[in-house]
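In what follows, structures are represented as structure tokens.
Two complexes, one shared chain (chain A), two partners (chain B, chain C).
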Partner chain A sequence: MNVHFLISGWPGHALPSLLLIIAAWVVIGLAGLLRPHSLRFVAHLLFPLGALGCLCVALLAGTFLVSGHEPEVLVLPLGLPDLPFHTRLDALSGFFLLLLGLAGAGISTFAAGYFRSGEGTAPALLGLQYHVFLASMAVVILADDAYLFMVAWETMALSSYFLVTSQHRIPDIRRAGFLYLIMAHVGAICILLSFGVMQGGSWQFTFDAMRGASLAPVWATTAIVLALLGFGAKAGLVPMHVWLPEAHPAAPSPVSAMMSGLMLKTAIYGMLRISFDLLHVRYWQWGVLMLALGLFSALFGAIFAAVQTDMKRLLAYSSIENVGLIFTGIGLAALFEASNMRLFAALALTAALVHALNHALFKSLLFLATGSVLHATKQRSLGKLGGLIRRMPWVATLALIGTLSIAGLPPLNGFVSEWLLLQSFLFTPQLPHAFINMLVPLGAAALALTAALAAYVMVKFYGVIFLGQPREASLVEAHDANWLERLGLGWLALGCVLIGILPQLALKAAGAVTGKLLSETISPGFSIWLIAPVTPEHASYSALIFLAGITAVIGIAFVLVRILAHGRIRRTAAWDCGYPWQTSRMQDTAEGFGQPIRHIFGTFFRMERHLPSPSDKSPHYRIHIEDKLWRAIYLPIGRGVQRLADVVSVLQGGRLSIYLLYSFLTLLGLLVFVL
Partner chain B sequence: MRGITFVRQFGEVVLAIAIAPLFAGWIAQCRAWMQNRSAPSLVQPYRMLRKLFQKDAALAKNASPLFRTTPYVLFGTMVLAAAIIPSLATDLPFARAADAIALIGLFATARVFVSLAAMDIGTAFGTLGARREMMIGFLAEPALLMVLFNAFLLSGSTALPSLVEFYNAHRFLIDPSLAFAAIAFVMVLLAENARIPIDNPTTHLELTMIHEAMLLEYSARHLALVEWASSLKLFNYACIGFALFIPWGIAAGGRNGSAATLLAIAALMGKLAVAGAALALIESLSAKLRIFRAPEYLATAFLLAVLGLLVHLQIGAR
Partner chain C sequence: MVTRASIGPLLNVLASGLLLISFAMLSRRRTQRLIILFAWQGAILFLSTCLVAYSSGLTELYYSAALTLILKVILLPWILHRLISKLGAQWDSETLVNIPTTMLVGLVLVIFAFGLTQPISTLATTITRHTLGMALAVILLAFLMMITRRKALTQVIGFLAMENGLFFAATSATYGMPMVIELGIALDLLVGVFILGIFFFQIREQFDSLDLHHLEALKED
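And then the complex of A and B:
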């Protein structure tokens, strides 16, 4: 064994085991190639094995977090000569590995039951791409030098690109994949430049060296802005969000779940690593920048989600909203940290971390549920769904849990992080900057508006898909998900409920991170009943009492109604104010549900509406909604690139003699330069 | 001692459940008087509930379990809210289970459930009502939060009992920011409880309905529970208003003798009587707004609350 282990601190062995699991994922992926077209081998054997790996990762990361060990460091004998790969497991990476393992286990289980033969890429290739994707995300989180980080980051981008374009015969999907690839690479360049700035002339690319480097204020700010651009492009911060609504609907549902639930979180991880760990948040202006971008993204995502008519696009915009919320928390934490208010910084950072975990759970759950709906009905458009709660009770019930969670309703998990975030906003008036003091409460209002809009969006999502009457005759034949899919959905729903009623679990995990990053955790003495982030007099919330109270009242009310009154029921046709000829076409549509939003937030959209005239024989109503930013930013850039390419193409004469002339002139130029 | 506090908590909740329909009846009576109509009896809501509980429930054929559970969930959330809001005393066990933000979350839960149930049958009016209800909800929530922010800035706490304790300790403190917040709160209260000028609780015109449109498919005991929950919601909002702006009389600071409790009950009744009459007056004096004026109305409430906030910060900064 010439493997050189370098473990510092207590001899914990979490890191080598984690690296072994990552290697095992790659092996699992490669194993599929033995029988490339056997769906049973790949789906029913390899994907569950991958899920087992996820569980192990979650377990290892969880015990590492709880035990509070010192970081483990390991230098791998891989990489370039004199540039080996460094890996490191600390609280921050432990938290994100926990998130990856928990959500990944559910997604892999679901994927085992999801993929069908004859859909796009061969099963074995899908399995390979999927597991490489999983492994590269884990490596991103464990990397301890810029080199390994960028290699894993690019592997992640490429493997997910192939997964997105697995149905590459459809032109729209190829286009979505191309857009994703461009955005991923623009982001990667920004991150690379950010690392380049951070090494500060020492040419040391380990994170340890960057942590110690002393940068001038200008360079530190440049690094943070570049990182914000790069990671923002991956996470979907407005205005770098354009790829999300295209790529998520294009990808198969487990892949959408992986990208939205997990990959976006690696960008959050990167941002936290750079801003809090490597650059130690020096200026409050960074916090304000992240806060503003985050709040705007959150509001933007919620508004656009409300007007979507494709269920996966709706969820993609909702991801933008949630990433915005997470960045809001990070921004607040940076603002507090730079103003030396450690405890409040810990509160805001906890909110961001817990929300990241929650989002990984409920967004994966909902994307997977749309996958089941898609398989059962072959429909992605909300206008052709409806009434599935009666045909698919399992998926509908589990999706209801996800819906209520993401809408931020107590006593489920989404509420916990939103509550913490609002609590941290309450302390902003104590900041030492008078002007910010006044503006930040408005941020809280924007946050409240976003949360309420999210509820609107989710009522639309759930109501149009699962409730009401089926909008198409074919929906009557829809079938429920198979048992592997149910297991995957159930695992994620269980996570939502557990974190909802026992938020102490998630807070403890997040506390380990804030303890290391900010050397402060929010009140360590939670009881099993109550969480009180600062003091119980200030604010407290008890999900258990909440749940117990509601359940008790519902139970007592039910029994009393049965005893004092009766339980007789007569099944009749729907009343609908006595109108007997109602059809499923008379229900409100997804477009209808978006109408108040289009009316109120009209300035956000570019709308093209085609209304039928009263005398039309076959009236058609068409509305096309576009992102204004697309025309304002992306099309001009595209045109600019095209123009530049046209200019450059003058050089490209297509004749060999001209190219030889160029070579000759270049040589001449170099000779002149040398002499 | 613990046992006694639980008994008092139970008593508070039972009182809330019992008098919530009375409050609704009182408002209806005042409204009738102000509009020169002959008023229904004060106990009319109770008669209504009794009649509904006796009837057989007619349920649409395609109603899902969600539709049938929702009335119980609504009732449950509103009763829990009544337990959390310190309407009579501050040292009750449920009061610490949730602060004001969690209370907003609880109301949001009720709203989402009733909207989902309204979409369940798949009728035109139900979904229309659900859409409108959610719209009013997302407009009202930021305004309500800003109102609460005002109160938090004064007392430094989001727990309602702490707020009440704070006011009782600083009895003569009158902060100008609270005046703005109070007006904003009343506006939000009207919108959230489906009153004029946003919605008309007594309308029979389906196209203008918001809240009632969602309940069209409910009948008998389900409808009774939903109606009861609605009156509880109004009662709860009134009690939040009392706790935020006129907390006098609520037994605070460990005073939990029978005299303090009786005083608290008397104070609550008096405040409810005045508030009910005031609500009826507002409703009689204003006309229902078109649905697309609702954003303007709620934006006004929001701006008033923000104004209060700025006033407070200005005074505090000085």
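And then the complex of A and C:
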């Protein structure tokens, strides 16, 4: 009895331990201020400690998920008087903490080797901002009342703003940071309003009260639309995506990885928390809305990623695409749930969750890899890279794993979640809505197109950076990443491979969430060999067998070639089509690779092209691609605000007596109003 | 010795005196005159507070009366006087709007203040309740004076006169504010006058004059 209590009792303390680790992160951040300019102290001691904290978080959250315990609640003696902070650890927050811990460990390890002295902000400040960012994300996930949630949410926005603008001497970076800050605050206002609607007149801002509040349909829908706007602005859903392609390239690479891999996921978490937990998905229209926005974002992101020439911008657009995919999954789940098809809802939600986890791993991996490339070559433009696989074999190999994952190739993790998402699309004909049934195949087609485009983008990304010949002479001096960077990259790549080969691990974690949220999990009895979301007769995937197949085919081919062709190899110059030499200028460029996409999807872009004339002695080809939505939505809003400000500024006459008159008239007005 | 019965009318007379001084301040052009008027206002305030204290038997009010005497009758006028002689600013202060118009606006304000405080006066139980309207009128007139003047020094005097009105309103409506708040306000006034004095020198150094219309160029275009 006692022993049983002990064994089952220890995971019961997961929440206090998690909060302690969060506090430890803040302490680690502050500790750096002791020796603000010592890179060795901050980078080689504090960042690895932070990574250790990430690992502990992942471990605690993982055991909590597997043990299937009831939610833990803790009221902290912090906050305003009569308004203490509530925290809660349940399956949903456990899953996202697992994600945070797993990817965060890799990023922190990488960051330990990445930051150099003399680049922008002092190391200690970077460390402080970085760890506060990490801690605030964890608090967002653990918060159980709107008050703590918003405090942590804003802390997250501010700390990441400072991280984005760590090279604040460059005007473009300041501009990107400002755009990010505006979008973050507009989003935060929407979320705040959404919470305000959800308390439903009870003025109780704990999530428990919101769960119990009975809202009229209009107000529930208002809350979900506001939440979609707010969290969409953070996650990068089109048309609230504009800050993403600006802020991600501006930030140092570990920060881009954190923002893209982890911070976007907190928005996903918030959306899931509000739609599935607090509002208990009531109307199928919500699902359709999220589905449509998600699919459009996915397609939009993939198309724009294909025409980018800056490697980090490319990845930022790819993040928009992946967030779109996740929202597609959430939308499908909501659609199924509102139509009382629990099992399929669980399938779609599992797909969304697993994709969120996968994206955290492979997108962090790729952003970090671009960081290594950036440090080695000082180049961000794809047009000046190339052939780095020979100079940076470690980074190239690990990035290849990430590239294959994000392209959705088996047996890596990207395939698992995209396959699950397509599977859940296949069940939509059973929905009880005729129109939706007709439109959903279009969605499935869009999803397939997106997946194909994503693969295309990744071929471009990897091919232009790592393959072919170096496009600049200086690339010959490029050096590989140091051991800490390799360790971080390796950790993330290992995650990609493991989830790819043993998708059961991720499915079990996601199953714990769907079990609590929808009281249904997919295929509870899958074996180590096979995953079958609904029934094995319907569809199944076996990563291990697939891997064995690939290995066998390659092995046999290798052996056969060795046996049959051994000793008969003749090395000679290839037939050169009459060209006596080949230079790096002859290879396909990033612009050239994206050109077909630019033509096919021309309506999406606003292009300014400058073509040289045939007689030009030093021809220059310039193309400028812009987002149409920027001119269609954001510039008019900006002009409107400017006009309003101009009207208001008439009040500023400059004469003191006029100002006094304002307050005098206000006083008289108030006196009349009061009495 | 005054009897308790005669205190009410006496207070009304003092309040009218305050109001009269406010009107006088509106019409005065010379800064030095304004300071003397301000000191007189303080003196009347001191007398009325003493009377209220005597009638209500609140010892706290005696303290605030003493504070008024020291601060508003002696210290602040002295500081202001030294300030203008140091600045050499005994010149005329011109008004923005001509004086008869200002007076007429002031009259309208007084009527407005009386009309406004009618419902409160009927509710209040203090002996001084009828003077509340006058107190509000003093505040509004001081505000009007600040609006119509364009010299930095007269602005400050207008501000101080407004505080006198507030103080009078507090004693007449609720037998004064708690001692802590009153002490705080007194300190604020003193510090405020010091800081503004420093500002005067800065403004004069910058623009060679204390005329505030030079500050108009400071707005954002």
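Simple rule for what comes next: the second predicted complex is superposed on the first by the 652 of 675 C-alpha atoms of A that agree within 3 Å, B and C clash if a C-alpha of one lies under 4 Å from a C-alpha of the other, contacts with A are read in each partner's own complex, and residues count from 1 in each chain.
By definition in this document, a contact is a pair of C-beta atoms (placed from the backbone, for glycine too) under 8 Å apart; a residue touches a chain by one contact, two chains touch by 3 or more.
Remember, it's a predicted structure, so these values are computed and weren't measured experimentally.
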*So if we stack both complexes on chain A, do chain B and chain C clash, or do they fit?*
fit
*asked:* Quick check on the superposed pair: does A:V255 touch chain B, chain C, both, or neither? Answer first, second, both or neither.
replied: neither
*Name the chain, either chain B or chain C, that contacts more residues of chain A.*
B
*What is the contact status of A:Q652 with respect to chain B (first) and chain C (second): first, second, both, or neither?*
second
*Mind working out whether A:R571 is in touch with chain B, chain C, both or neither, as first, second, both or neither?*
first
*asked:* Looking at A:A223 after the superposition, I want to know if it touches chain B, chain C, both of them or none. Which is it: first, second, both, neither?
replied: neither
*asked:* Under the stated touch criterion, which partner chain does A:V139 make contact with: chain B (first), chain C (second), both, or neither?
replied: neither
_Touching partner for A:L671 - first (chain B), second (chain C), both, neither_ = second
_Contact-wise, after the overlay, does A:L660 reach chain B, chain C, both or neither (first, second, both, neither)?_
second
*For A:Y541, select first, second, both or neither according to whether it touches chain B, chain C, the two together, or no partner.*
first
*Give one of first, second, both or neither to describe whether A:L163 is in contact with chain B, with chain C, with both, or with none.*
neither
*Geometry of the superposed three-chain model: angle at chain A (Cα centres of chain B and chain C, steps of 10 degrees)*: 160
*asked:* So if I take every C-alpha atom in chain B and every one in chain C after superposing, what is the smallest distance between them in Å?
replied: 54
*Overlap of chain C and chain B interfaces on chain A (superposed complexes)*: none
*Okay, in this complex, where on chain A does chain C touch?*
649, 652-657, 660-661, 664, 667-668, 671-672, 675
*Where on chain A is chain B touching in the complex?*
386-387, 389-390, 400, 404, 407-410, 415, 418-419, 422-423, 426, 429, 434, 437-438, 441-442, 444-446, 448-449, 451-453, 455-456, 458-460, 462-464, 467-469, 530, 536-542, 545-546, 549-551, 553-554, 557-558, 561, 564-566, 568-577, 582, 584, 586-588, 592-593, 595-596, 599-600
_Please output the residues of chain B touching chain A within their complex, sorted ascending._
53-54, 56-62, 64, 66, 72-73, 75-77, 79-80, 83, 94, 96-99, 101-102, 105-106, 108-109, 111-112, 115-116, 119-128, 130-132, 134-135, 137-139, 141-142, 145-146, 149, 152-153, 156-159, 162, 206, 216-217, 219, 221, 225, 292, 295, 302, 306, 309-310, 313, 316-317
*Contact set on chain C toward chain A in their complex*: 96, 112, 116, 119-120, 140, 143-144, 146-150, 155, 212-213, 215-220
